[in-house]
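Read from first to last, the chains carry the letters A, B, C, D, E and F; within each, the first residue is number 1.
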Amino acid sequence: MSRPVTLFTGQWADLPLEKLAEKASAWGFDGLELACWGDHFEVDKALSDDAYVRAKRDLLARYNLTCFAISTHLVGQCVCDPIDARHKAILPPYVWGDGDPEGVRQRAAEEVKATARAASLFGVDIVNGFTGSSVWAKLYFFPPTSQADIDAGYQDFAQRWLPILDVFQAQGVKFALEVHPTEIAYDIYTAQRALEAVRHHPAFGFNFDPSHFIHQFIDPVFFIEAFPDRIFHMHVKDSRVQLNGRNSILSSHLDFGDARRGWDFVSPGRGDVKWDRIIRALNRIGYQGPLSIEWEDSGMDREWGAPEALRMVRSQDFAPSAVAFDAAFQRQ
Amino acid sequence: MSRPVTLFTGQWADLPLEKLAEKASAWGFDGLELACWGDHFEVDKALSDDAYVRAKRDLLARYNLTCFAISTHLVGQCVCDPIDARHKAILPPYVWGDGDPEGVRQRAAEEVKATARAASLFGVDIVNGFTGSSVWAKLYFFPPTSQADIDAGYQDFAQRWLPILDVFQAQGVKFALEVHPTEIAYDIYTAQRALEAVRHHPAFGFNFDPSHFIHQFIDPVFFIEAFPDRIFHMHVKDSRVQLNGRNSILSSHLDFGDARRGWDFVSPGRGDVKWDRIIRALNRIGYQGPLSIEWEDSGMDREWGAPEALRMVRSQDFAPSAVAFDAAFQRQ
Amino acid sequence: MSRPVTLFTGQWADLPLEKLAEKASAWGFDGLELACWGDHFEVDKALSDDAYVRAKRDLLARYNLTCFAISTHLVGQCVCDPIDARHKAILPPYVWGDGDPEGVRQRAAEEVKATARAASLFGVDIVNGFTGSSVWAKLYFFPPTSQADIDAGYQDFAQRWLPILDVFQAQGVKFALEVHPTEIAYDIYTAQRALEAVRHHPAFGFNFDPSHFIHQFIDPVFFIEAFPDRIFHMHVKDSRVQLNGRNSILSSHLDFGDARRGWDFVSPGRGDVKWDRIIRALNRIGYQGPLSIEWEDSGMDREWGAPEALRMVRSQDFAPSAVAFDAAFQRQ
Amino acid sequence: MSRPVTLFTGQWADLPLEKLAEKASAWGFDGLELACWGDHFEVDKALSDDAYVRAKRDLLARYNLTCFAISTHLVGQCVCDPIDARHKAILPPYVWGDGDPEGVRQRAAEEVKATARAASLFGVDIVNGFTGSSVWAKLYFFPPTSQADIDAGYQDFAQRWLPILDVFQAQGVKFALEVHPTEIAYDIYTAQRALEAVRHHPAFGFNFDPSHFIHQFIDPVFFIEAFPDRIFHMHVKDSRVQLNGRNSILSSHLDFGDARRGWDFVSPGRGDVKWDRIIRALNRIGYQGPLSIEWEDSGMDREWGAPEALRMVRSQDFAPSAVAFDAAFQRQ
Amino acid sequence: MSRPVTLFTGQWADLPLEKLAEKASAWGFDGLELACWGDHFEVDKALSDDAYVRAKRDLLARYNLTCFAISTHLVGQCVCDPIDARHKAILPPYVWGDGDPEGVRQRAAEEVKATARAASLFGVDIVNGFTGSSVWAKLYFFPPTSQADIDAGYQDFAQRWLPILDVFQAQGVKFALEVHPTEIAYDIYTAQRALEAVRHHPAFGFNFDPSHFIHQFIDPVFFIEAFPDRIFHMHVKDSRVQLNGRNSILSSHLDFGDARRGWDFVSPGRGDVKWDRIIRALNRIGYQGPLSIEWEDSGMDREWGAPEALRMVRSQDFAPSAVAFDAAFQRQ
Amino acid sequence: MSRPVTLFTGQWADLPLEKLAEKASAWGFDGLELACWGDHFEVDKALSDDAYVRAKRDLLARYNLTCFAISTHLVGQCVCDPIDARHKAILPPYVWGDGDPEGVRQRAAEEVKATARAASLFGVDIVNGFTGSSVWAKLYFFPPTSQADIDAGYQDFAQRWLPILDVFQAQGVKFALEVHPTEIAYDIYTAQRALEAVRHHPAFGFNFDPSHFIHQFIDPVFFIEAFPDRIFHMHVKDSRVQLNGRNSILSSHLDFGDARRGWDFVSPGRGDVKWDRIIRALNRIGYQGPLSIEWEDSGMDREWGAPEALRMVRSQDFAPSAVAFDAAFQRQ
């Protein structure tokens, strides 16, 4: 079938886009999924300056790269989160403003709406991102979090995101939540709850990233099968469980890359994700979008890893069977 | 060897102590670990009224029960926690006061000191409890929590608890933190960090409860071996992992007892804790304290479960070998 | 909670009912699930002779035993099966008749209707049984069985059983199919297909027997959760997988009890069924019927095994929790 | 060592042989294992027309392909099977005739003899195939199949096949049964029984195909070791177990490629067969025949899969060690 | 069936036999397997003093205990071993003599013959024991041990033991080698080699002890099935593998009971031996001898353990099935 | 990062060095680890003839190969071993001399010192090797080996090796013991004991070879983490566990390559070593030395295997990450 293979630029935002485009093109990627940070895709400039969008398009074309989606993980995170100092570093100053939590959340919501408009201008119909969550931090809590508290968290999510989703729909763009711990949906049951909270809004779906299910011990194939018409985009990212009786699956407040953690992200193909099964599941649901490599492995040089991951994906992206074998066995 | 088997009263605080003592005695328990809530052990009364402590002692004696430890999980939790509405329900009004977070934390700290004094009066030299944590909620966070943030959490813990521990030491009483997610220490590495934070204060150790390690995939025996001289007390409680490719180990914001959770507490002997190995490890380190059953199983009637757990513990609490087998093989 | 524990008499039909009742009573069973063969429960006599039913009731009462269900596995099997010589041995002569396959199937259908009437007379509202299947033998076939063939099998089942189920409903009796390889339903997906075939007829449900799922590698708990309102009765029977790289899960046309088989039935508690989880699932769906031991183990003396299995069941049949533990932690 | 790698043409019989030969040659195959259906190898034409055989040989030579074996799975199946409508589609009209079961079985037996003669003319000394079985459908049956029934099945097999095997021996050709569920032999124990039934006839052996053992949980290496001198040919085909607590290993009457099945065939190298161990075992028994890829994967495009499988086989087909390592450690 | 359950006295030889008999009887044992060391059974006295044997018999009768076998592990060990200082401690002075290795071996051989005579006098027809081995220490060796070296070891065994076995046969007594690392046979393949070395001498068989197979990862059931007519006696002893990525299965030259070992002996029922499967296998081969508990667990008090093990064995020693279940399903 | 990949010549000592160098160079190796046997590196000639060393260097240079280490496994083995006939075959005549054990051990010790001097002359600062052990053969012994015996073994090792290590230090060369069953250190705990025995001598460390840990069920990564500053060199060698319930992990005195063994060495990449994890661990400790392939697989042609192993190593030897991913997520 040969779906396009793209590289998500979020982990390379320390490089100017041109430099990254040159590398990605040389490695053989078909396109880039542009992060809305660094100089990769700046929403304010895209909306205020016609030339900006055109220049980005030209740059990509020069390197024979396509863009199928842009990503607003950082700003999206601030829409529902309890805001604190850590959020300042991930926001543009005009969104952070005076840092008052509710003001930040509202400006972030406006920025996500603006991102939908910028995507539309740029000719892209998928925006990936995070949503934040007012209840994530209360996941395992003592004194216990009541179900009423949890319900309130999903209502808060619905109230803040429904107006945003309406803007997306008006622009003909879809929002794909990367289902991920720290977000309003991080597994199958919370994804169901989130969908119900926004009453199955047509502009709301998922950026499927199997790596976030591995350390939860969820089979990513079940996620695909649970939401066949809501997989708007996907990330190729891998994770590995490394338990030995001493390491905790909660990972002990230790940084990624520390061998005492119970799990860690690794270069795609070196973790516990079974890619063959995922391709079969994507074939079953008819997913035709890009396979976008989000490369993150704290133990490997990224320039070794990205082309290795690309080769792995190419070796897996097969088409479904076109013949019925029983029929072949029959006489004509 | 026959260590005493006690019942922790925290999960039975809806019953008057007398009624519970009658049941526990009939089931065959050797003693009770009194919770500092309900009418089981009230710190303020113990300190203000000589007769209170005497009456408690008489009540236990009447039912042939001993008390080796009291427990202050609820108040202890409030010493380091970011305080919110949920904490009000677990505190006596005089500790909650006006609910101002820092005021609550300081009053809670004073109450824990008072608990040490009450324990001493009552003739008990172990107080089990929680510590709370200013960084627990930042366990898995986006934007990421920096190691500087984490370090600050352990400093906060040390500053608040060192003065408390000095009071304990002066009273000849020890504080045994129940190592538990939501607390400053929840696994082997964070327990090491907590011990270092309080500079191995002699009054600080652990209430070992294997159930909290099971869903972290930590072998509880390794915890015992890592801290042989800091196991001041232990809880017999059990947990079970119930993963099926759909359930998340994070448990999806679902209540205990919901079969879609990735793990759950179950009656001791019915979970994944291997009690035989734990008894051997306790024998190796020479632990002589009580085996205190903390009974919690959202799927089983507690009056069926508590005596069943007691029988299980009795069948496991064997003494170590007194002979060397090689010697027996030799001729005299 | 204490559900009644009964013994299914099918494997003891070589003994007169009175002798078996005496044994079962002495072992401590609460009742018997009577097989409609041997002298245990004869449908023709029950319908033709008032005294017969009374005498059975008296016999059971003498031994303090209750009957909650009768079982018509043998005749039920012949309703849909391709009939051959093996069926003669399991049928009463008046059902076998001249042995013409279609005639046998129709007489068997009439006899199952008669069984519903006899059950009603006897005061029992559950009849367990098999259905037979015209497509079981085509499970794994070469040349391949087409889906059209399979569909025809389910239609045949519906046509033959819908009239029977109507009689059951008229009598206020339910038919509980023992989901089992060789029957129209043998797993979760075929049980769904069977239910759909009879359009969710209210008189049609299942006799849940976990042993038949073990060697299919199906978790029996999922079956309970898939059909919470259709579990009309249950069998306590156990099975064990014994694979070693040489034994086939298909078991090589070898008899039960042969160690070269890939699986075998074993006395309840000695196999791979996890009874604690099954009791929790039954508690969740509110199943209040009997736990009926169907004892079959080709490697163990049945008189050793039946009372052992009874003790195992009694040790597992606990009630659900009556308190909320979080609440108990709060101060009143 | 480099055994030749061939492609079995059965799953490509919808293509004219010439077109398939062109593809196979381009992919790098060394030869083809011709199916006796489609236009690939027609027994009647081979025996009646000298030019036919010569033309086939020329066609293969044109593409630099060799033929080591031909395959008569379809006709062979009809020798022992209970014949029904499904068999008509897999037989040439002159074998099906009027469809009377016994007549079909006898004409199929004659056709298999004719195939031995055609193979001999074509210069090939192995004919792979199925045998059918009168007892396969009684594998797991209720009412139970007795051992006497099973014995009768093996006698029927012996009576029908011994005359055929004598013709093979006279022609200097061997018959290699593909051990496979639905056939008289489908595992180690039934293969032993089949061999004994034909009294170890020298013309009778096996076409070893590991894929049929995987879902039986049999280690294919044990099969090789059990019959070292009867492995006449082998198929490179793969299978994968996909159990999740809901899927049944019996696969619920569902078609290949359905994700709810408990197992499925997959492209060689993507399943559970451990090829390295199989090559070592083949080296130990001195098997020198072709490695013939039978490609079947209902989830993958066959033109992607066949060359991928070829590369996998080439990367595994290593020679045994020619030196003794201990000796190399010694001084000369 | 109820085989007798005996206690092997080797691990209790520090106690006088009378004291041990009193305990064993009180715990409910049926008999003792007397060790030929301590004062339990002294070969020289048995042969020289008629009263000795009678007194032993009377002592056992007083406590209602039977003796089915005596054991000469220590002397037997010295028949083939390279003798060094460690052997002195396990031999009577008249066997050790001047300690010259070959002299010790020959005197040990004579003592084993004497043991056969003493057993016969005592009325016991099984002597369990070790054989020693001249090649055990060369198991994994560098520079490598050649197969010629190994062959020489088995010849040495045969030469030394064949004359001993002839004495056994003349006395109507059998020698049961406890298959065990450090002996000439320690697994299935070496047991075959040992049997072949002594040309299947009728007086040579095995004392089956499953605990020695567990840490070799051998399924003890396969041993029973490999030598159905050579299982002369059995030990009920248990072992547990305790690997964690750091512990070596070779156990690092560490003493039993050290938690860093990769395996250890544990009280029967607490290890990895599956007793239910062993009883079934013993039932299949018709073993009717005693189940003799050899109790050894360096982490448990032996007086807690022995009666616990007895209860475990009693709960497992069931009889095989006496009915055919299929028959029970038929109508008479 | 690209560490150099070398080939250990020990298993190719039947070939003249020139011939091997030609092959290795053609396959793409970066260097050779020269064995001190065959004509590869002769210590006596190196010390007595200036031209010898120069000629070796020229030969390697001609094939563009580097040498980072030489290896003295054979002579080293004889320093502590109980000497017997097998040792004669692995020693040069001038070390074997008259074969008197103590004389051999002392001459071997002198030869190892000479090897340090020759290495220094040759410009190589690592000598890999074995140490032998006086207690290895007493690993699992009956009568039991006492801890006093074991202690004596480690003292013997220290006494014999400390003078040797002093010579190494004086020469600026390090001795890297290949941790291996049959040596004084064969796992983590015995390596600790060996290090303590030589009081952490700075010239003593390890040649890390993961293959020797696999069949001990030790995770090789734990070895790296236990001795981060003592990994002086490493071997890329692989091993595979092949247990099936019949094979013993002790491997039944059977030769390598026999399928009845419980484990065997296999070509790197085909065994149970997880190379990705090992590279990460080496990156963590900053190991910069060569990855030296010791190729040994009794079931594969070595000329197929060596280049295959080289490709495997190249595909795994990645550099650690140079960026922090969190930083990349932040805005500049």
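Operating definition for what follows: a contact is a pair of C-beta atoms (placed from the backbone, for glycine too) under 8 Å apart; a residue touches a chain by one contact, two chains touch by 3 or more.
Since we're looking at a predicted model, the values are computed, not measured.
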| item | value |
| --- | --- |
| Far-end chain from chain E, centres as C-alpha averages | A |
| Higher-contact pair (C-beta pairs counted), A-E versus C-E | C-E |
| Rotation in the CA alignment of chain B with chain D, degrees, nearest 5 | 180 |
| Maximum centroid distance from chain B, chain identifier (CA atoms) | D |
| Cα-centroid distance, chain B relative to chain C, in whole angstrom | 46 |
| Approximate Å spacing (C-alpha centroids) for the pair chain C, chain D | 40 |
| Distance between the centres, which are taken as Cα means, of chain F and chain C, whole angstrom | 64 |
| Multi-partner residues of chain C (at least 2 other chains) | 74, 89-90, 143-144, 146, 219, 222, 244-245, 326, 329 |
| Parts of chain B lying in touch with chain D, wherever the complex brings them together | 244-245 |
| Residues of chain A defined as touching chain F within the complex | 10-14, 37-38, 73-74, 89-92, 244, 256-257, 259, 266, 270, 296-302, 304-305 |
| Complex contact set, residues of chain F against chain E | 74, 77, 86-87, 89-90, 130, 135, 137-147, 149-150, 180-183, 186-190, 193, 213, 215-219, 222, 243, 245-255, 260, 262 |
| Residues of chain C that touch chain B when the two form their complex | 1, 219, 221-222, 225, 276, 280-281, 283-284, 318-332 |
